[in-house]
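Letters A, B and C mark the chains as written, and numbering starts fresh at 1 in each.
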Amino acid sequence: MAKDIDISSSEAKFLIDSLKQGFRFDSRGFEEFRDVGIEFGKDFGDVTVTVGRTKVHCRISCSIAQPYEDRPFEGLFYISTESSPMAGPQFENGNNTGEDEVLCSRIIEKAVRRSGALDVEGLCIVAGSKCWAVRADVHFLNCDGGFIDVSCIAVMCGLLHFRKPDVTVAGEQITVHSLDEREPVPLGVLHIPICVTFSFFNPEDAEENIKGDLNNEICLIDATLKEELLRDGTLTVTLNKNREVVQVSKAGGLPMDALMLMDCCHKAYKITETLTDQITSELKRDADSRNQFAAMLSSENARVS
Amino acid sequence: MLSAQVGVLDQVDGSCKLQCGETSVICSVTGPVEPKARQELPSQLALEIVVRPCRGVPSTREKMLEDQIRGVVTPILARYMYPRQLAQICCQVLESGEPEEQYSGKELSACINAVFLALVDAGIGLLASVSCVCLAITGDNEQIQINPSQANLIKSTSTHVLALQLGAGAKKVENVLLLESYGAFDEESMLQVLHSGEMACMETALELRKVIEHKIREDFIWR
Amino acid sequence: MKEAIEIQPMTFHPEVLARIAPDLSMQRHLSLGLRPSLRALEEFRNVEISDGQLSCGSQNSVNRTGNNILGSNVLKSGKTMVITSITGGVVEENMSVHNPDEEESPELEQAVGAGGVEDHGCVYPVVEVERGRVGAPTDEEMNLSQRIYNSVLHTGLISKKALEVSVGVRSTNSDGQSSVLYPDADPSNALAQNFKPRRKWSYVLYAKIQVFSRDGPLFELCWNSLLYALANTQLPRAFVDERTTDLKIPVSMRGRSAAIRETFDILCDPNEFQPLMLSKDRLAFASNFAVVDIDPEAQLPKDDDDMQVDSPKSVLLADIQGEAEEASVFSTLSAVTDAKGNLKHFKAVGGGSKITMEMIKRSIALAKLRASDLNKKL
């Protein structure tokens, strides 16, 4: 992602050599994802996700709009991933035409929007004339590698956390109820795609990799910025908890062993499972803290289930 | 009311996350760095200021915020110290705390305070300190609300943003860096706003100084 | 061996000096009691205005057909010319933003009138400063547009009520002749009364403000020009055809079907106009000022007799004009006020000289005088 950052050749050599000996700079295992921190804001759909030192803020918002003419039953959903110099001096403001920026936004788009993670039909209010337009704004705050993985978690957390105002439809007229007036409704999230990025390093020279029989590429999960700068190839797989592959992206770079793809998916599934569980438990904790008086205010009888 | 942490980001030279009531912004400063040829000023530090909204894409509203921040920051920076260099200031609004189509005062005041702290964190030379408050006049009895809540802002008849240049340990007002008022008001109420804004700016400045003090204590913990 | 070096004082043409040393030019002029624009310190430029006969609603318009300009103004101040043209469109109001209770009692709403910002309508201004080339809007243009937008919105010059469309109905009788009925034209007419549109429309106004020969700060000129243009804006009446008032189009897609109410055409009457109702009590005019410190070093030498005259440390200049003035002032004041001192917008930027309370008071007093002058031209 970062092209303008130069890494000294001695540091580069040290990093590769330590990888060859099985060590990473942050003493993680090769297949270990960094700790994920999920923090919800005061408003619905405001979430900050930290993975190691990478920090991404995502804000979900919605407004009423007119649906596309050829899709009158569907609402609108946009994801915007614009970088700013805040994440690091290598990013230019408002310039998202860099190869890596485009790749990042394309993968998130594929993983979340095109995979149907959000039920857009549920956003329809009056067919053909009014629908919700949901917008996810991803803000990169601090860059230490893994923007794709972190953004995906942030967008999904945001969508799961977001509540849209309730509406009543009477014929042609619709009334939007403010958040204080009526309990807002959650969005229909159909599955939680999780992206896992693998970075490949070639321990031998380039010739060996193309011609040789050895398939001894070093494969890292969740690379840091320095590792990203030095990697020879990358693969992003997106899975959900139902063991479905949502998206696979390998855009050139170091060729990898075909069988390794399956292996990577297996590794990614384990991560997907733990992350999904973490997301659901964090959401539950947030919901409980917002609703701490629910038990007191509830008129429901205590039942033994 | 106001809380801030500095040094929250590590890819930039200075950063600050600031909450003021319902509004929350994060600001980063990179500099002095080498500018692009078109930004370079032969004798002074050039500034690139970016404001990014909480939701949606940046529009003319953010452009105006950038211009207002530039107007406040330029006179307090020791720009002659860094000829042919650039400082990149980037503000990301995390929580707006006001209806964005109509107001921008709360975001502006939070951004200015955050930029000041981030500049200090980045160690760029300053000539004076600045603090900023947003004020609103509500009701028939012209009550002045300092850093109004969203509900009060919507009810208000006029909104004002006041940024003051402070010196002598934030105890002396040196100049009015920015006063921007919208709505319906008269001369007398504006002078009232200036008066209570001055008090509020002093208080804010003390809060900001506490943040800096805390930062320095943390930074020099090895002493 | 030494040669005597003769130093000749350099002299420049005033315009050249204004470019290479604006501050010196300013200080030298000030010491003469003048400004580089050769006006007195608190003297404003004269403003010439006309409607330019551009709008299709105006009686003496130069071209009435195929013209979509609803209001216009041409303002000249010094060598700067500002042309404002107002165009518009009709959009469907999102009923949802209103409380349903309010909808049922429009009289109540009308009585409130001057409410908060949510009752204020707006125009969408685009400022273009012509520089002889095209390209993306500059920062100055964007800031001006946004500042004018903010000021119009918060001033409440145009209430939302004034922008509502009272929709007429075009009916065609058996002879094939069509006529348009407006709800307010004939209250006894049953048809117009029975047809209560289930939808609401409102006008949106766009203002294109073009500036030629920029010569100093522009917000004030653009604002005043926009104000004059809005004052002569005529909104065309709009109607829908009787036959399309309740048009439904069935659609089905992927096994789902629904009747979709087509957004029917709303047409604008080319002949019938209504003036745009401005909130008269909120009309306010803009003027700008600058604070300049007097640098004793840069003053012209005076005669020995009047050496001891105490000159003020800083002075207030009204209506900034020209390169020397604009480049050497860093503290500016800008006020939008009416003649009575009801301020609508005030901006002070203190990048240089100290803005004192006296300066603020003085600028407001001058702005009030200026507003009463400008109001007469309306």
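Some points to look at:
We adopt the following convention: a contact is a pair of C-beta atoms (placed from the backbone, for glycine too) under 8 Å apart; a residue touches a chain by one contact, two chains touch by 3 or more.
If you're wondering where the values come from, they're calculated on a predicted model, not measured in any experiment.
Looking at contacts between chains, the pair that accounts for the most C-beta pairs is B-C. Centrality by Cα centroid goes to chain B.
Of all chains, the one whose mean C-alpha position sits at the greatest distance from that of subunit B is A. Distance from the subunit A centre to the subunit C centre is 45 Å, each centre being the mean of its Cα atoms. A straight line joining the Cα centres of subunit B and subunit C is 28 Å long. Centroid to centroid, with C-alpha atoms defining each point, subunit A and subunit B lie 32 Å apart. Residues of subunit B that touch subunit A in their complex: 9-12, 15, 22, 24, 26, 28, 30, 33, 48, 50, 52, 54-58, 88, 90, 92, 94-95. Subunit C makes touch with subunit B in their complex at residues 116-118, 139, 142-143, 145-147, 149-151, 153-156, 282, 330-331, 341-352, 354-355, 357, 360-361, 364.
Residues 41-43, 46, 48, 53, 55, 57, 59, 61, 80, 82, 84-89, 93-94, 135, 137, 139, 141-144 of subunit A touch subunit B in their complex. Put simply, subunit B touches subunit C in their complex at residues 60-61, 63-64, 66-67, 71, 74-75, 102-104, 154-156, 158-159, 165, 174-187, 190-191, 194.
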